[in-house]
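Before I ask anything, here is the structure I am working with.
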Amino acid sequence: MLLSPALAISAVLFTLGVAGVLFRRNAIVIFMCVELMLNAVNLTFVALAQVIGVGGQVFVLFVMAVAAAEAAVGLSIILAVYRHKQSVSLQNMNLLKDG
Amino acid sequence: MFDPKGFFWFFGVIAMVSALLCITRRSPIASALWLVVTLFSIAALFVLLDAQFIAVLQVLVYAGAIMVLFLFVIMLLNLGRPGPSDIKGPLGLGVAVLLGAAMLFLLKPLGSATLPTAIQLPAGSVAALQQQRGIVGSVANPLFDAYLIPFEIASVLLLAAIVGAVVLAKRKL
Amino acid sequence: MRLDPAVSHDLLLTLLPELVLTGWSLVLLLFVAWRHQTTRDLRLTGWLTFVALVSTAIATWWLWWNRASVQGTVSMVAADDFRWVADWIFLGAGALTVLVSFGYLERERLLAPEYYVLLVFGVLGMMVMAAGADLMVIFLGLELMSVAVYVLTGFDRRRARSAEAALKYFLLGAFASGFLLYGIALVYGATGTTNLGLIGTQVGALEASRSSVMLLAGLALLIVGFGFKIAAVPFHMWAPDVYDGAPTPVTGFMATGVKAAAFAALFRVLNQAFGTLTTWHDIVWWLAVVTMIGGNVFALSQRSVKRMLAYSSVAHAGYLLVAVSAGGSPATSAFLVYAIAYTLMTVGAFAILQAKGRAGESDVTIDDLSGLATRHPWLSFGLAVCMLSLLGFPGTAGFIGKWYILIAALSAGQNVLAAILVLTSVVSAGYYLPVIMAMYMKPEPDETAHLDVRLDRWGRTAVAAVVLGLLLFGVWPNRLFDLARSAGGSVQPSSTSTAVSPP
Amino acid sequence: MTGTPVDLIWLAPALALLGFVLNGTLALTRPNTKTLVSVIGAGVLLAAFAVAVVVFSNFRSLHPEDPVIYRYWSWIPVGTLQVDFAFQVDQLSLVMLLIVTGVGSLIHLFSIGYMKEDPGYARYFAYLNLFVFFMLVLVLGASFPVMFVGWEGVGLCSYLLIGFWFTDAANATAGRKAFIMNRIGDFGFMVAMFMIFWSMGSLDFATVFEHAPTALAPGGAAITAITLFLFLGCTGKSAQIPLYTWLPDAMAGPTPVSALIHAATMVTAGVYLVARCNLLFAMAPVSSAVVAGVGALTALFAATIALKQWDIKRVLAYSTVSQLGYMFLAVGTGAMTAGIFHLATHAFFKALLFLGSGSVIFAMHRAYHHTHVHEDAQDMRNMGGLARYMPWTAALMWIATLAIAGLPPLAGFFSKDEILTAAHARGHVQAIWLVFWGFGLVTALLTAFYMTRLMLYTFHGPNRTGEAERPHLHEAPWIMTGPLAVLGLLTLLGGLLNVPELYRGSAWLHHWLEPVTAPGAALIPDVHLSRSSEWLLVGIAVLTAVVGVVGAWRLLKPAELVPAKQAPEERGFARILRHKWYVDEIYDALFVRPLMWLSREILWKRVDQQAIDGAAVNGAARGARALGWANRWLQTGQVGTYVAVFVVGVLLLLWRALG
Amino acid sequence: MYARWVITALLIWPLIAGAVVLLVPGRLAKYVALAASLVEFAISVPLWWTFVPDGGMQFVVDRPWVAAWGIHYTVGVDGISLFLVLLTTFLMPLSILGSWSYITRRDGGFYALLLVLTTGMIGVFVSLDLFLFYVMWEVMLIPMYFIIGVWGGDNRLYAAIKFFIYTFVGSLLMLVAILVLYLHAARATGAYSFGYAHLLSNAKDLGPVAWWLFGAFFLAFAIKVPLFPLHTWLPDAHVEAPTAGSVILAGILLKMGTYGFLRFALPFFPSVALSRTVQLVIVILSLIGIIYGGLVALVQPDFKKLIAYSSVAHLGFVMLGIWALTLQSVQGALLIMINHGISTGALFFLVGMIYERRHSRLIEAYGGIARVVPLFAGILTIVSLSSIALPGTNGFVGEFLVLLGSFRTYPIATVLATTGVIVAAAYLLTALQRVIYNPLTNAENEKLSDLTLRELLVLAPLLAGILWIGIYPKPFLQRMEPSAKALIEQLRPPSSVAGQP
């Protein structure tokens, strides 16, 4: 049974993704960390699919589609922001705030 | 005898280590490349989990297409060298470690989770299905049957993403 | 009309509204590809969109009229009154957004007709979310909606604020999607399925044996995922910034449609899949409390009207979470009534705000509205009605909605929650009333202060419709109640019977 | 008793009310009218007096044992509380009716002359008529609440008339003080009414007195409380310790007002009330002792103050307080007739004294007015030798002085003597009354002394008014001296009302009042003094009076007085007396100032503004707003923060779900 | 026939009239509004004769509104609400006439709001459906909020929002309580209805929840009354409001609180309301109100604030009377509610009139003006005397009844409360002295003009009311008695009905 190690590894990967989002400032890298989180979830899906049925694998397919769509939109948003700020560091994203 | 568990842990550790490197490398390009390593390792894990088709897609779509897109944007924006503010200082590190550790702690029971026995699993395991329909077919067939609706929605989603990307990227508004 | 999803003809009928709208989106795409130069093209696209939304509403109405329902328990989409009513909310929000966008896009020189295409995709995503009877569909619907709204947020990309808002929304949205997805995966693992009905059966069976870590963690993460979209505290922090930066009609659309869709999905998921579980009531209880308190208290210190409205939308998410926490059919009905009222008043408020401000309206403070009533009595009246409705004042639809939520909470025995709801509503008077006070009770700073306040004909039409609707539903909510009641009853798990359900 | 002229009783107050309405209208519409106002003002009073006489004579001829009650309308009917607006005609109310309308008429006439030059002439008569109306309601009311209408109504008129010259802040303040002090008394009256109602089920005099002996245990706590609260009302209205301080200040009003309200009628209302409720007081021996004791103490205390006052009206005011003390000593002793008798004679001679002093002040004022000097027209140090200029006034006032001093055969002699005898007699049963008697005797001495002093300083010795003014000093017009003469006559003959059996008199008043006083008298120990001891007491009293008068005449040297402006400040004990034992100052320091300080500094500023409004209300608002402001530390626009908060939320949710 | 439409007409007519007032040109607004309010008054007057004092609800109209929820349009009056309705219709024309020259801008809006306010206030008094009651309770809030906020004094914004939020806190918790009652009744009977009678008969067996529900009602009503320490909105609102606003605020709005206690809080939760603890709390708070209100009024520099604090004191008497639950005290409380409307209303009119001339509400700005404006001074004196309950005026009858009745239930408290009459005399007479008496020092006051005919027209009916109720209150007491009796018998078993010695 590979389920338990798969779930464990995927939880670690997910946590690493979250930690990356927390740790980084570069929008692109943060986005990559989010992709890491999605992949961790994919691992869970696939591991579960092995036991439960093919539905999990199908879900992974859709996640990939979603990831692709998000990548397209996300990167163009990053481009749009870069045009304004010449930077993709979130530190510089401070036009919008309370006060 | 082939021991999937050993291999599984091997690739698993690679995935985790490279993921760690991915989030800690200063240079975005290094991060991206380490992420690619992670993705490859995960693809290997997929193979070990009887999802060969998904593994292939993982390599093609993720490691291939998506990551290339990332690298492309990084290069385009000339962000190859680490910026001064790419990673946070000790405070950020502390927060990340603390919260990450807490999350791991909370998710720990998942590592030992077993499937509830009460669940009546759908007939036939994945392996059996693959025997029956082939590796691709076992995933592809349901797409046009049980998962037709999500499949169509995904197509609209991609269409919307295209439109969105075009709108955002086009020169004139 | 019983529809069997296995039969393709029936399947198409089940998806009729979505198909109609998808079809329209393709038409629009073609039209946009052909005509995208002048403001006239923009206007034409807008009207086409309006027609598209209306015709979709009619299609929805047709299904409602024929009492369409899905045969069998296993289906990717549901066909019930809840879905139709929710669809009308999204379509209504979309249509109102179209009406107020005409003037805005032209004024801000956002001459890209793709705006409307994305709006349609957004509405479509919402409809999919409300229709989804499978986590997979709901997830995809959510992503479809999100992608469209991400882009709409950054649509005014010449303004740095708009782009920044889009980036924040996108990054945090994707991040939250990860949690949602993880939650789905865990629920899938715990129950072996992503179908809501089947999950419900499994959960019912599980409960007898033992609670599963996977299921509970999955549930929590699901709530996190939806909690982000509805801007529940502490997942709300994007909302003020993003609402602030987005073009104002988009903000209105986001505050109403996106929130309503996420709530619709949340209601369906929690009630149909986890109806027999009690854990989430407690989780949502806390979420509701902190959201109500947070949203209202944070809104108090805002000077910018737009940010104030953003926090106010957080607070309203809290009120709706009260209904979620209460659970059951009256709560679902209450949600629908509230969502309708909330959509009307929020769109109205943002529409009037956009008449006053320029370039995203970030800088319109409450004091800037001083003396508006003397120059623009009708606009002021409209905004006053919207504010009172947001406050939940009797005679407006906002009151009816709040009233229904209170009934739901109280009949579920959530007396404390109800008390917190009303007390935080009192706090909200502290920021809604200053708007009215500024308009009516403060003098105009100078003669020219409100010279450039202008709302075009269609914007005015939208505001008028909103105000009439608010007042009508406030005084005569009978039809609304009937509709909500039948719709509310339709998302219940078949296994459970509702203990106390008011008429 | 329908069908007899007694039915006309309503006419008396109605006439006074009519006068008020007409004069009030004139005051607002044509403030300068004089003649019409005089005709109305005095006319209604004379008419009311005529009514009173007619009613009295008819009543006398019928002489019913029970009071005659006229119910006009149902006033406050709630459940078992049925208060009718009803008048009660009986022997006691008729005596009061006659005094009020009779003396009132004379004072109204006097006022025509006294107030002639005043710009508020019409207003004055309106108030005066209104006062008479309320006074009549007070004495005629057939129940406690109706009496209370008059009770507070006269207080109101007193307030209005004291502050009649309101542009002087002191006058307005004096009026207010009078009203508030009276209100303290009224508080007692009200509480007494509540107790009476809940113990006897009614507030009508007739019913209450009928039920009292059965409903309440004599000497019990309930009846004692009721009577003590009633007496608190009396101390306010009748200026007894501790609420007497308003009366001397009330002299700020026009002098005829002092005569009518603050000497002859209103201030005696308390005596009337005790007499009316004689049964209740008789049932409560403790209360009776309190009444008598307070009366005796007030009599003595006020008399000491009167010794050193320079203001002619103030001397009279303290004298009034002192004499009212006598009356309370009488009614407290159970000698109701003596009390009422003294009330009547006091009405005559004190009205005479006040009007006489009014005449003097009038003359002084006119004299100063001619020379445009702003000297105090009421200070005796500015007078002296006035007998030369106004002989009539001097002579008449001498009669009154001797009467009040208690020299036979003037009115005051009989009444005062009766009181002292009664007190002494009661002393045979309860020794404390001997103390009261002693107080009374000393008071008599002091009274004779200070009254003689007043006369001496005012009318005799050298004149200190001033050279320029002297030619302008002369007697007042006949409209003023006329009433004085009538009052002088009454003072001379008033004693005839109730010549005791000791002098082979008929004790007419005593027998007349018997139907009213009998129930109470039955409960009081009846002590008969021997004829010899009665004579002895009379001898002591007369001797005291003579000693007082002669002592003053011999001791005081009017020739050594200097005008007020040059007068040195007194020293020692005289100074304490001059400053009225500093009672006003003590009250001020003990009650008024602390209360105002408490209200302003603590209740309003601390509690209301700071604690409730500041801390609680605005504090809550500010607190909420501050929380909102604090949010800006989180809502910094930094996605990193948002993510961190988000993750914390996720962890909490997970923990909640799994835990 | 009249009985069928009168209350509905009273509710709808002001709304129609208000709309018309908004539409006519601004300078005509006040005439139209005055006419409309007179019509309203005329409609209400026959209630006086047609009302049959039998203790029950009359002129009842019952129509479904949101039938599915058991929400009905149910209205009716009994001896308790009759006079409050009449007081409302009586004060409205006077308020409009009294605002004639005070309101100089946005006339139309002002008069329209006054008319809408009329509907809200009458609605509160006649509602026999708790949903309707709640709606009306809130509806009157908005016009008042605008009246204070738009036409008020310098600090009007603060006062307006304070007024609003204070009221809102209470009313929203009351809403929750109403809903709990509603659901409780529904659980017990299976019938969903907000009807007063339905909820009343099913408010039993609530257990400890009753305490919370009573608490919610208590808060809502106590704020409105206002009971110490929830009173601080009142001085601000009174001071800042324009004359008509103050008049209505004091005259009618405060009565909604005491009315609420009588109509809802007491009958619904008798076991809680009459428990020792609650009795103690209420009596103590009323006493504090009476004495504290009076003492604070004593030191107010602002005449309107003084009247405001005096209202706190007066309403303290009402609360004491209600809780004493004897026939005398309850009727007295009802009478004070009317009296206070008349007397305090008149006081506010008078202050408003002098304010129009001198633009100052400070007591020290005046002094000695009785000489310049004798008519004003005279009327002010009479009204003040009524306010300090001089016998012969209306104030006395009410306070006397309350105190007399309360003495049976709470003897010590009543004795303490009676000291309130001393304090009342102290603060009002002091103010009176400083305004109309004393030397006239301020030259500006020399030129004051006395009351005009219009102002006299405003005050004359109030003066007539003061004397009428003072001298012949029987018609009022008669009409209240059966309802008061019914209320008391409902709350206390007949064997121990107080008021029957």
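Think of it as A, B, C, D and E in the order they're written, each chain with its own count starting at 1.
As a working rule, a residue touches a chain if its C-beta (ideal position, glycine included) is under 8 Å from a C-beta of that chain, and two chains touch if they have at least 3 such contacts.
Note that this is a predicted model, so its numbers are computed, not measured.
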Winner on C-beta contact pairs when B-D is weighed against C-D: C-D
Central subunit by CA centre of mass proxy: E
Averaged-CA centre spacing for the pair chain E and chain C, given as whole angstrom: 43
Computed distance of Cα centres, chain E from chain A, in Å: 64
Cα-centroid distance, chain D relative to chain E, in whole angstrom: 38
Inter-chain centre distance, chain B versus chain C - centres from mean C-alpha coordinates, in Å: 31
Set of chain E residues in contact with two or more other chains: 165
Chain A: positions in contact with at least two other chains: 7, 14, 17-18, 21-22, 25, 30-31, 52-53, 55, 58, 62, 66, 69-70, 73, 77-78, 80, 90-91, 93, 95-98
Multi-partner residues of chain B (each touching 2 or more other chains): 88, 92, 95, 99, 103, 106-107, 109-110, 113, 115, 119, 121-122, 147, 150, 154, 157, 160-161, 164-165, 168
All touching chain pairs, where touch follows the definition stated at the start: A-B, A-C, A-D, B-C, B-D, C-D, C-E, D-E
Complex contact set, residues of chain D against chain A: 631-632, 635-640, 643-644, 647
Residues of chain A touching chain C in the complex: 7, 14, 17-18, 21, 27, 30-31, 34, 37-38, 40-41, 44-45, 48, 52-53, 55-56, 58-59, 62-63, 66, 69-70, 73-74, 77-78, 80-81, 83-85, 90, 93, 95-98
Chain C residues touching chain E - in the complex, by the definition given at the top: 388, 393-395, 399, 403, 406-407, 410-411, 415, 418-419, 422-423, 425-426, 429-430, 433-434, 437, 440-442, 477-478, 481-482, 485, 500, 502-503
Complex contacts: residues of chain E adjacent to chain D: 162, 165-166, 229, 231-233, 292, 295-296, 298-300, 326-328, 331-332, 368, 370-371, 374-375, 378, 381, 385, 390-392, 396-397, 400-401, 403-405, 407-408, 411, 414-415, 418-419, 421-422, 425-426, 429-430, 433, 436-440, 471-474, 477-478, 481, 485, 499-501
Residues on chain D engaged by chain C in the complex (per definition of touch): 621, 624-625, 627-629, 631-632, 634-635, 637, 639, 641-643, 645-646, 648-650, 652-654, 656-658
